[in-house]
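What follows is a pair of complexes built around subunit A, which joins subunit B in one and subunit C in the other.
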Partner chain A sequence: MTITSLNFFVFLGLTTIVYYLFPKKYRWISLLVFSLAFFSLASIEVAGYFVFGVATIYISSRLIGEKLTTQKAKKATIVIALAFNIAMLFLLKYINIIPNTINGFGELFNIDFHLGTINLIAPIGISYYTLSMISYLVDVYWTTIPAEKNFFKVMLFSCYYPCLISGPFIRYTQMKSEFFDNGDFEWDNIFKGFHRVVYGLLKKMVIADNLAIIVNAIFADTDVYSGPFIVIGVVFYALQIYCDFSGCMDIVIGASKLYGVKLPENFESPFFSKNLSEFWRRWHITLGSWGKDYIMYPLLKSEAFQKLNKKSKKKFGKKLGKKIPVFLAILILWVIIGIWHGASYKYIFAAGILPWIYLTSSELLEESFVKLRNKLKINVESKWFHIFQSLRTLFMMCIVWLFALAPSFTQSFALIADIFKFDPTVVDPFISEVIMGDHTLYAVLFKWAVIVVTMLGVAIVDYLKYNNVDVAEKFNSCNHIFRFALLIAMIGVTLMFGVYGPGFVPADFIYGGF
Partner chain B sequence: MKEKLKKSVKPIIRIVAFILVFAFVFVFLTYTSKPGDLRNSSRIYGLYAEKKNTLDVVNIGGSATFVYYAPLQAWENHGIVSYDYAAAGVQAELYKHMIEEVLKTQSPELIVIDARAFQYRDAENDGSQPPSEFTYRTTLDGMRLSMNKIRFINENVGTRIEDDDKLSYYLDLIKYHGHGYPNKDKMKLMLGIYKEKYNGFFLEAKNQELTKCEFNTTDKRPVSEDTEKVLVDLLEYIKQIDCEFLFTVSPYLEKEEHKQTFNYVEGIIKQYGYNFLDANDYIEEMGIDYSTDFYDEKHVNILGATKYTDFLSRYMIDNYDLPDRSDDPAYAFMNDYVDEWHKDIDASKEKLSEILEDNSNE
Partner chain C sequence: MTEERIYEMLDEVFQDVFDDEDIHVEPETTANDIEDWDSLEHINLVVAVENKFGIKFNMGEVVEMKNVGEMVHTILARVNG
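Up next is the complex of A and B:
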């Protein structure tokens, strides 16, 4: 059941009705039933992993929170529970990085290890629910929250179905009141949720999925499409991945809002960011904050890092010395984030090491940049400088995405080299086969004009959000007819230009020969 | 209390209004998304624009109908008010539903059914065109969404043809979105005023020189079990309808095994008391010339169509109680496109004579 399928919306519609038929006190039970049903539809054959995972987290949280008295015992319990769940996640999702690494090293020395990969079926949303469960257990260990006594409440928190699709990562502290102290039925939740879902579908199906056709065509054949194609491809990919991921988030957050459950935001206009650290604070927010809270800060507080801090201060001086443990902790965090994105070195580099290089070098060079700006008398508050900064940030991110788009880590450098090649003879076939496809010229122009207008609309919404305008509230305060018309227009554009359905090839329907 | 009621009623009114507007937009988009070339289904759409209860004859079938029988010629020469309710590659199982659709707005004296569909339906037959997405959609896409259309889809899609995306047969926006753009014809379709100028006839000015297959057979070659079931279903259905029915085979390069199939089909049809006319048995009477009157093995050109139209019209007048409407002022609308028809048919004939001259010079 994909998030843009009719089945999903039928499921969402029916469950919303059933949810409000339940007495307020028991509505969370209905959410658990819906979530388990959703989970079972996708992953019934591997549901055991999930149940086992929740059970270990629940039992260990009860032990840590209520039964165990010594810190040592608590520590041992949390280590075992975390190791168990992380091992399960690694085994089901990332195990193939081991044979791939060994085979890769073998290739370097002309040795054929020929280790096969393992294809295990992972439950839907395993990386999302595992990290959410870890955050719960760690919060109990830190006594930030008490251990939940009701197993099924922990289960709901772990498998709340809108979050299983593509996040966001949720924390028990945030969600407890949303799930279990939910307020009365409010039309406002229904309307706002519906608006958000419609907006998400527009971004995902009209912008992202149409751009994907071009991006996929270019990066499926980089031997043919080089030079400006790669540049266009990666810029389109930037827009595609943003509209795809944030569109999915809009659908998920909107769907959840229908039940009156507020989920945390995952994107805050990242393309208007002035620098990369701001970009990462606005892109996949819940992953970033999870990483900081449960990896980076604990590392920095750990004994080993405290010792390192002292040593490096002694060796490199106070200023640089205190930065070294921080940079190391950030490196560990980013490598883990890289692995989380995919079990391959290209992700470890593109989504891990490269962002770390960006962040640490900008931190180290910050003073020099400030001096240079002062020397050039650049008005850092001007709009033009902001535009420059945003484009620079986007450029840096495009390099990250270029690595992610390459078939493998080693091929990514060849892909960058291909930017400087160009074969003009492929322009015509590209236009006729990829852009035109089986459409008429008029239909293509009409479609792309609508897509461009839609992208401008999304950019305006993001710009308003960047400037702290509550767009949803603003929209709700607009004239009824305007809201109505805009909503209908968004649905209409999605139905007309969204990528869905079986597709139509006019060649199959030619009249000739009857 | 009043305030509370107002608070809960207002959103419901908003939702209902939204659904209504959305339904209108959905219909608008469905028509707008249709591919630019409407010819595949234009005759099916066109029926809705015909004045209610004005058609005396409705010809149902595939290309063996709409490139053969010219309603405007039949009107001018015989005063017959007719319409070609046909779509390319039509499948016989659609006939029942096409008749039902016709009867929603018309009460014809006679419905002429193209029997060639029973021959080309079986995959093992020569020149076959068995059920497929294309042969269903050409007709279905032109039909408005109704229980009749839904019944056909339920009965046939997923059983007679494979299709994972059944929903797109009910709502063809799912199939065609992104391919169309608004234009005048599509707006007319939506409003049900898209008029087929020549009442469904399609002029073809090409030529292929053919040689008649000579045979004389009374043998019967059975159709497949499924085709026979479709035929019997149709006959059972039409026997309940207060209207005359005629089954025809239009002239083409009929081969011996085709004839044997038609002999079999004719036998079943006659058991139900309906006439069966294989026009290939009357080639000389019609004056059809195999060297000039066809554009391929399966279809006549405008010269052949002219001859066949006169032949079939005379047959219908002789065998059925068809009124001559030529002097009836209520049917003056039939003259709306006659001038244009003359221009088109003259131009087509001229073009064809040039082609024939070129062919003879070669």
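Up next is the complex of A and C:
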């Protein structure tokens, strides 16, 4: 059941009605039933993995929180439970990185190892629910929260179905009251949830899926399309992946809002960021904060890193010395994030190593940049400088996405080299085959005008959000007729210009694949 | 140890970690108020505070600490408790 399918919306509509028919005290149980139903529809044959996973987390959390008295025993328990769940995630999602690496090395030396890959079926959402379950267990271990006594409550937290599709990652601390002390029927939740879902569909189906047609055509055939095609392709991909992933989040957060359950935001206007570290605080927020809290901070606070800190301070002085352990910790963090994105070297480089190079070099060069800006007498507070900073950030991210778009890591450098080539003879066939298709010029121009206006609308909403305007609240307080007209317009545009139709399965959301 | 004394000692730690003699922290001070206090510096700060007061924060406290007031609250409980 994809999130833009009619089935999904029938499921959402029916479950919302049933949810409010339950007595308030038991509404969370209905959420568990819906989630298990959703999970079973997608992956009943591998449901055992999930049940085992959540059982290990539940049992070990009770042991750590209540039964065990010594720190040593608690540590042993959490290590076993985490190892078990991480091993399961790795086995089901990332195991093929091992034979692929060995085969790849073999190719370099002309040896054919011919190791086969294994195709195991992973339960839906495993890379999302595993991280959420880990955060719960670690929070109990850190005594941030007490262990939950009710197994089914832990189960709902782990498999709440809106988060199984592509996140956001949730924390027990923030979700407990949302799931279990909530459930009052409020029209406000229904309106806001519905608006958010419509807005998400507009972003996904009108902008992302239309841009995807062009992006896919270009990157499916980079032997033919070079030069400006690659530049346009990657910029369109930037807009596509943003509208796709954040549109999916709008639908998920909106759908959850219908039950009155507030989910954490995953995007906060990333394209207005002034630098890359701000970009990553605004893009896939819940992944970044998960990595920071459960990987980077514990690493940096560990004894080994503290020792390294002392040594490097002695060797390189206080200022640079204290940065070195931090750089090492964020390298580990980014490589793990890279692997999470996909079991191939292009993801480890694009989503891991390259962002790390960006971050460390900007840290190291910061002082020189400040001096240069002062020398050139640039007003860093001016709007123009902000625009320059945002474009620079986008440019750096486009390089990241070029690596992600290339068929493999080794081919990505050839792709970058292709930017400087150009074959003008392919322009005409591209326009007639990819852009025009069977449509008239008028229809195509009108469609793209609508898409551009929609993109401008999204940019305005993001700009307002960037400036801390509560857009949902503002929209809610508008005149009824205006709100109704805008909603009808958004639905109409999605129905008319969204990429879908009879027999067409909407492209899976890009992040659903992770 | 009094709360006042803790704030004085914290000022010294913050000034040393962030290399800025003008920093004075208050209960409401957060990472947003101090330019260099970001996620990359957070652990350096936490460890410097631990060393100054001879205490250890647990990881949960490190992650959950929202402002200096909460930090002081934890320090008070640790040194006087």
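By our rule, the second predicted complex is superposed on the first by the 500 of 514 C-alpha atoms of A that agree within 3 Å, B and C clash if a C-alpha of one lies under 4 Å from a C-alpha of the other, contacts with A are read in each partner's own complex, and residues count from 1 in each chain.
In this text, contacts are C-beta pairs under 8 Å (C-beta built on N, C-alpha and C of every residue); 3 or more make two chains touch, one makes a residue touch a chain.
This structure is a prediction, so every number in the text was calculated from the model and none was measured.
A.B. asks: Now for A:241: first (subunit B), second (subunit C), both, or neither, which partner does it touch?
C.D. replies: After superposition on chain A, A:241 lies in contact with neither partner.
A.B. asks: Now for A:139: first (subunit B), second (subunit C), both, or neither, which partner does it touch?
C.D. replies: Once the two structures are laid over each other on A, A:139 reaches subunit C alone.
A.B. asks: Is A:156 contacted by the first partner subunit B, the second partner subunit C, both or neither?
C.D. replies: Neither: A:156 stays clear of subunit B and subunit C.
A.B. asks: Of the two partner chains, subunit B (first) and subunit C (second), which one does A:337 touch, if any: first, second, both, or neither?
C.D. replies: Neither: A:337 stays clear of subunit B and subunit C.
A.B. asks: Check the residue A:164 against both partner chains and state whether it touches subunit B (first), subunit C (second), both, or neither.
C.D. replies: neither
A.B. asks: Check whether subunit B or subunit C contacts more residues of subunit A in the superposed model.
C.D. replies: B
A.B. asks: Using the superposition on chain A described above, determine whether A:326 touches subunit B (first), subunit C (second), both, or neither.
C.D. replies: After superposition on chain A, A:326 lies in contact with subunit C alone.
A.B. asks: Which subunit A residues are contacted by subunit C in one complex and by subunit B in the other?
C.D. replies: none
A.B. asks: Taking the touch rule as given, give the residues of subunit B at its contact with subunit A in the complex, in rising order.
C.D. replies: 11, 14, 17-18, 21-22, 25-26, 29, 32-33, 35-37, 39-40, 62-63, 67, 88-89, 133-134, 137-138, 164-165, 167-168, 173-181, 296, 298-299
A.B. asks: What does subunit A use to touch subunit C in their complex?
C.D. replies: 138-139, 142-144, 277, 292-293, 296-298, 300-301, 306, 309, 319, 322-323, 326, 330, 363
A.B. asks: In the complex of these two chains, what residues of subunit A are touching subunit B?
C.D. replies: 6, 187, 190-191, 438-440, 442-443, 446-447, 480, 484, 487-488, 491-492, 495-504, 506, 508-509, 511, 513-514
A.B. asks: Can you check the complex and tell me which residues of subunit C touch subunit A?
C.D. replies: Subunit C residues touching subunit A: 19, 38-44, 46-47, 58-60, 62-64.
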